[in-house]
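What follows is a set of structures to go through.
First chain A sits with chain B, and in the next complex the same chain sits with chain C.
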Partner chain A sequence: MSDFKHTAKLNGDTLNLVFEGAIDEDTDFPPVDLNSVKKVVIDLNGIRAINSVGIREWLAWIRPVAQAATITLERCPKSMVLQFNMVDGFLPPKAKVSSFYVPYFCEKCDFEGSHLFTMGKDVTNGPNGPVINFNAKAASSCSDAACGIELDVSEAKYFQFLKRL
Partner chain B sequence: MTAARRIDIASGVPISTEIAKSIGVATGLSPEAVIRLVHSTGLRHIVQQDGMRFDAECSIAERMIEQPNLFLRDPLGTILGPTLGAEQHHRFGMVFDAAEKKGLLLGPFGDFVAGLAGGRTIWDSALMIADEFFTNASKNAWGSTSGLFQGEPVHSGTIEFFAEANADLLVIGCRDTFGRLAVQNIVERIKACYDKGVADSIRYGNSGAGIGSFMVFDACMSYYAGVARGQSTVVCVAVPLGLSRRAVAALPKNIHLLMHANLKSVKDSVKDDE
Partner chain C sequence: MKHSLGILLQFIFRTLGLGNRRTMVANSRKTHRLGKGRSYLLRNPADMPGMVVRGLSLRYKLMAALMIIPLLGLTLFLAMAKSIFERDKIAYVFDSSLSVSKTRAARVSSEIASMISVAQAIVLNYRADTKNLAESGTYFFDREPKFEAFRVYAWNQETSKYDLNVDLTKPNGKRLLEGRDAIIDDVVKQAKARPVVVRGLDSTADRIVLAARFGEVSDLRHVIAIAIFDATELAEVFTDSGRHVSFLSRKDTGGVVLGADLQAVNWDPADIWSTLSAKKTPEGIEEIMVSKKDNFLASFSEVGIADLVVISMVEKRAALAAVSVLLRKSALFFVLVIAATMIIAVFASRGMTFALSRLSEATQRVAEGDFAVRVEVGAGGEIGQLAKSFNTMAGEVSRLMLETAEKARMESELATARTVQETLFPESFQHLGAVEIAGHYVPASECGGDWWFYCENGDKVYIWVGDATGHGAPAALVTSAARAVVSVITSGPEMPVGECLRIMNRAIYDTSKGKMMMTFFLACIDRSTGEVSYSNASHEAPLVLRARGPNDGEAKRNDFEPVIDVNNPRLGEQPDRVFKESKLQLADGDIIVFYTDGVIDLKNTEAKQLGERRFIKMLASGLSGSTGLPHSLGSIVQSLEDFRTNVPLDDDVTLILCRYQSIAVDAKKGAS
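Showing the complex of A and B:
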């Protein structure tokens, strides 16, 4: 039995979904009335993990939804961002990402965390593509003066999906 | 005992019947190049000189070639070696009926990894690897005719999940009693993800998605697999501890594959290994 849970709230033609737990072979995604829903907003903050079968289930669910409605993904955890970059169509064409998490880490003091990047604030559009406006050191609460905290991702890989938005 | 030999990849891989006993020594190969090399040459061991544990990985390859049964019997001992002096190893192990649910594993294993020094940055990767290992082993219980975990299991078997960490390294492994894994298929599936992309490599239908091996290989530093047909499958990975995710992702990868091994009794295999 999957620990995947969802809540759904319909507001006019906008369907707000909140997903949490793991996306895997036992996940039952909520049905979406593709005739009446025009916008789908999905809060992914509670997604803990996704496995290989979960990737397939997500693709099977989101493809028809993305053809009929505008999709916005909010508070995307790292596990989902990795799939945006690795699996073509996982982030459907024309879908929007309004915010996503980026991990940071200091090998020296073992301080670790993640920051919610908001589009338009921490990421802006520049002439040569997306620009990251974030200072990990300033955002961290580590009190060690020698802390060498930095974003803990390969930026060229992790932010790749931004070029498609 | 079969003697292993090292081949310098930069000098070319000779076409030889001895290829199964050879260790390809490389430098700076991308993960994709590692898989392509295994696929095109038949090499089963590739070890990278600029990797984190070059000497140890060469020794593992030698042990797997020269004492294949030792890996199937004692994969953790083969990979990590004996505990020396004051070195502290942390161990985790659970045994399941193959039809049990993986939720029984993932909670305790997540706690184990979270408790390791330097384990926080690899926590989600370790859980993903555990999930894929367990799912792959468990689906054998349902066979290929019914859907993935649909209805009642049709085969009985056991899954042994284990992990061991020293100060620098976490080894995660899974052994099942089915012995149905075709090791060459692992290479084919990972290669397909590099050839066609992950999305186009996904299998639709009732079976596994066919991309789990790629995800595991992508997340680890070293990948080890061995099968005794119809008896046992052992798959393990090594993941470094205490490094950033960025550093882990940049590490050169090693691979060790053991094909068509015959699992013998402990007594016989010790005799063979001598």
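Showing the complex of A and C:
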């Protein structure tokens, strides 16, 4: 039984959704009135996990929504970012990601955590593609000068989706 | 008594099944069989051939309980009532007996006082000088009808004896005095010591000798008057006494002075007084046992004149006759109550246990494997509810048995499917010329949704890795379809990898109608050049580890290059898709790591995911050194198992290592 929960708040033609729990075969996504809603903002911070059947359900739900409205995804956790990169169409072509989490770790400090990266602030456009300010975030994680904090993901894979934004 | 009570209680407990319990256990070794769908009601115990009843049945236990409990209660009540009634009756008899004694003592006292008064009136006419009575004295004697003889004795100083100075008799008096000189002499002697002495007269039941001393002994003029008077009237007081036996007795000897006819009794009045006088009180009560059978309730009251006492006795058995009658009537009533209880117990126990018997029989049938049996629910109540619950339980057991059988059948089929699916996979280790392959696959359940394969076509080696949606039998069916398509594709001429995936996509879509999908990665390695053409259908990007020299040490995380140049939709999402492809160049010793997301989703006992970082670290450690690919794979798989520590898999796990080693280098190695 899925522990997926959602809350919806309609503000004019903008629908604000908050998703929590795991996306799997039992997930029921909220219906969206595609005639009146022009913009959908989805807060994904509470998403704990997604499995292969959950991917299928997500795709089936988001495709028609993305065709009728502008989608903005906020506070995307690692589990969702991994799918952005791996599953074609998981992040719809016109969808925007306003912020996402980047996992860090340090074996010296026994630290494992995430930092929220905001588009336009922590990620900017450069001449050769997106510029990601890793070090400033890493420095904020630990006050120990000897801290060996680093990205807990493959940089090439994890930020691949930014090239499409 | 205690022993008997113990035996009785033991019997009751055994009868009620409270002690020495014997459990009714169905024979668990009997083979259970499924019901045939028949449903019938049990009405007759004869339907149960071979049924063994162990211990006393509940019905008889109930009957025994319904009879024994009131029997014990009534018996206890009777014993208590008897004891209370007896004590109350004895107290009443004692009270009334003492009242009788006191009343009669008062009457005796009054009568004797009256006689003394008459005697005093006569003595007052005695003249010491003439030693004779005046005429008026004789007159008083003649006028007192009860007096039959009257004598006056005066003290003679010279002889130190009493002289008979006056001797008055009536006609009957002379006869009464004949031959009784000794008694008279004895009374006179005692009168010297005590002012009044009273004695019965031998051989008469109603004559009394009264001796009264007038004047102190120290006074030489004192006289002693002896009167024999008719006590018939007084004797009647002692004869009209109902159950009471009363008599006037002397305190000094216990001898009877006056009273009931005691000739027929088997006890000595002297012994009675001997017992009663021990109380040393003017009046009292006492239970006296004169023999083993005869007990008497006795009371006494002193008269207060002379040394007389009135004693009343009642035979205890006679006094408690009413209690005996009550007991007999109560016993009869109890017998009637017990008989009525027995009749009620027979019907009540039958009514209560009939439904239980049917339930017991039905339970026995279930124990023998007949789950189609049902019992009649009846009127309701606890038994009806129990019957309803039994029917529900039997139905549930029947259903569960069918489900269990169905589950066993499905498990058997799944085991067969797993065996069949295993044939879809190639040998785990293979050396195909310049390409060395080592693969590992573990399904999360009986069948898996991961599938990998390799094959040769001309100078090309194809490596196929896929992950169907979900896992289990449905996903396994998709992999089966994929394997069939691959077989067809590779049986023809060489084909671009994008085209291969396009065909597979169509086949999977048509098979699952878009409901099942599959991520897929297809790599085609040219054995002569090391060029790899590949296409990815949303599968985990493989990692490439470039060949490392002997002094390069263990690979770092960044040494693993993800193959991410191209990506496509999953197979089966849409029927007609074009799958882009890209190329990659391998050098001698380069390794490609293919895997499914089940690897990085592995969880340990703390529910922490393995993740990409730890996985790459395991790869780096396993691929370090110059060991063979199978050994490296074994080392990595062991690391994965160590991390998982037997935590059940959430998803299938597939890991494939592929090393490119050109034939020229191989040949050189062989030559050296």
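Couple of notes before you dig in:
Rule of thumb we're sticking to: the second predicted complex is superposed on the first by the 156 of 165 C-alpha atoms of A that agree within 3 Å, B and C clash if a C-alpha of one lies under 4 Å from a C-alpha of the other, contacts with A are read in each partner's own complex, and residues count from 1 in each chain.
Rule of thumb we're sticking to: contacts are C-beta pairs under 8 Å (C-beta built on N, C-alpha and C of every residue); 3 or more make two chains touch, one makes a residue touch a chain.
Note that the structure is predicted; figures quoted are calculated from it, not measured.
Partners chain B and chain C, brought together by superposition on chain A, clash. By the touch criterion defined above, A:66 lies against neither chain B nor chain C after alignment on the C-alpha atoms of chain A. By the touch criterion stated above, A:3 is placed in contact with chain B alone, chain C being left untouched.
In the superposition on chain A, contact of A:156 is made with chain C only, not with chain B.
Look at A:52: by the touch rule set out above, it reaches both chain B and chain C. By the touch criterion defined above, A:89 reaches both chain B and chain C.
Taking chain A as the reference chain, the count of touched residues is higher for B when chain B and chain C are set side by side.
Of the two partner chains placed around the shared chain by superposition, neither chain B nor chain C is touched by A:132.
In the superposed model, A:37 makes contact with neither chain B nor chain C. Applying the stated contact rule after C-alpha superposition, one finds that A:119 touches neither chain B nor chain C. Residue contacts after overlaying the shared chain place A:109 against neither chain B nor chain C. In the superposition on chain A, the residues of chain A touched by chain B in one structure and by chain C in the other are 25, 51-53, 55-56, 59, 86-90, 105, 152-154, 157. In the complex of the two chains, the chain A residues touching chain B come out as 1, 3, 22, 24-26, 49, 51-53, 55-56, 59-60, 78-79, 86-90, 103, 105, 107, 110, 112, 150-154, 157. Put simply, chain A touches chain C in their complex at residues 25, 51-53, 55-56, 59, 85-90, 105, 152-154, 156-157, 160. Contact residues on chain C toward chain A in their complex (touch as defined above): 449, 467-470, 517, 519, 537-541, 557, 560-562, 564, 567-570, 573, 597, 611-613, 616, 650-651.
Contact residues of chain B toward chain A in the complex are 101, 103, 117-118, 120-121, 124, 127-128, 131-132, 135, 148-149, 197-200, 202-204, 208-212, 215, 218, 242-247, 249-250.
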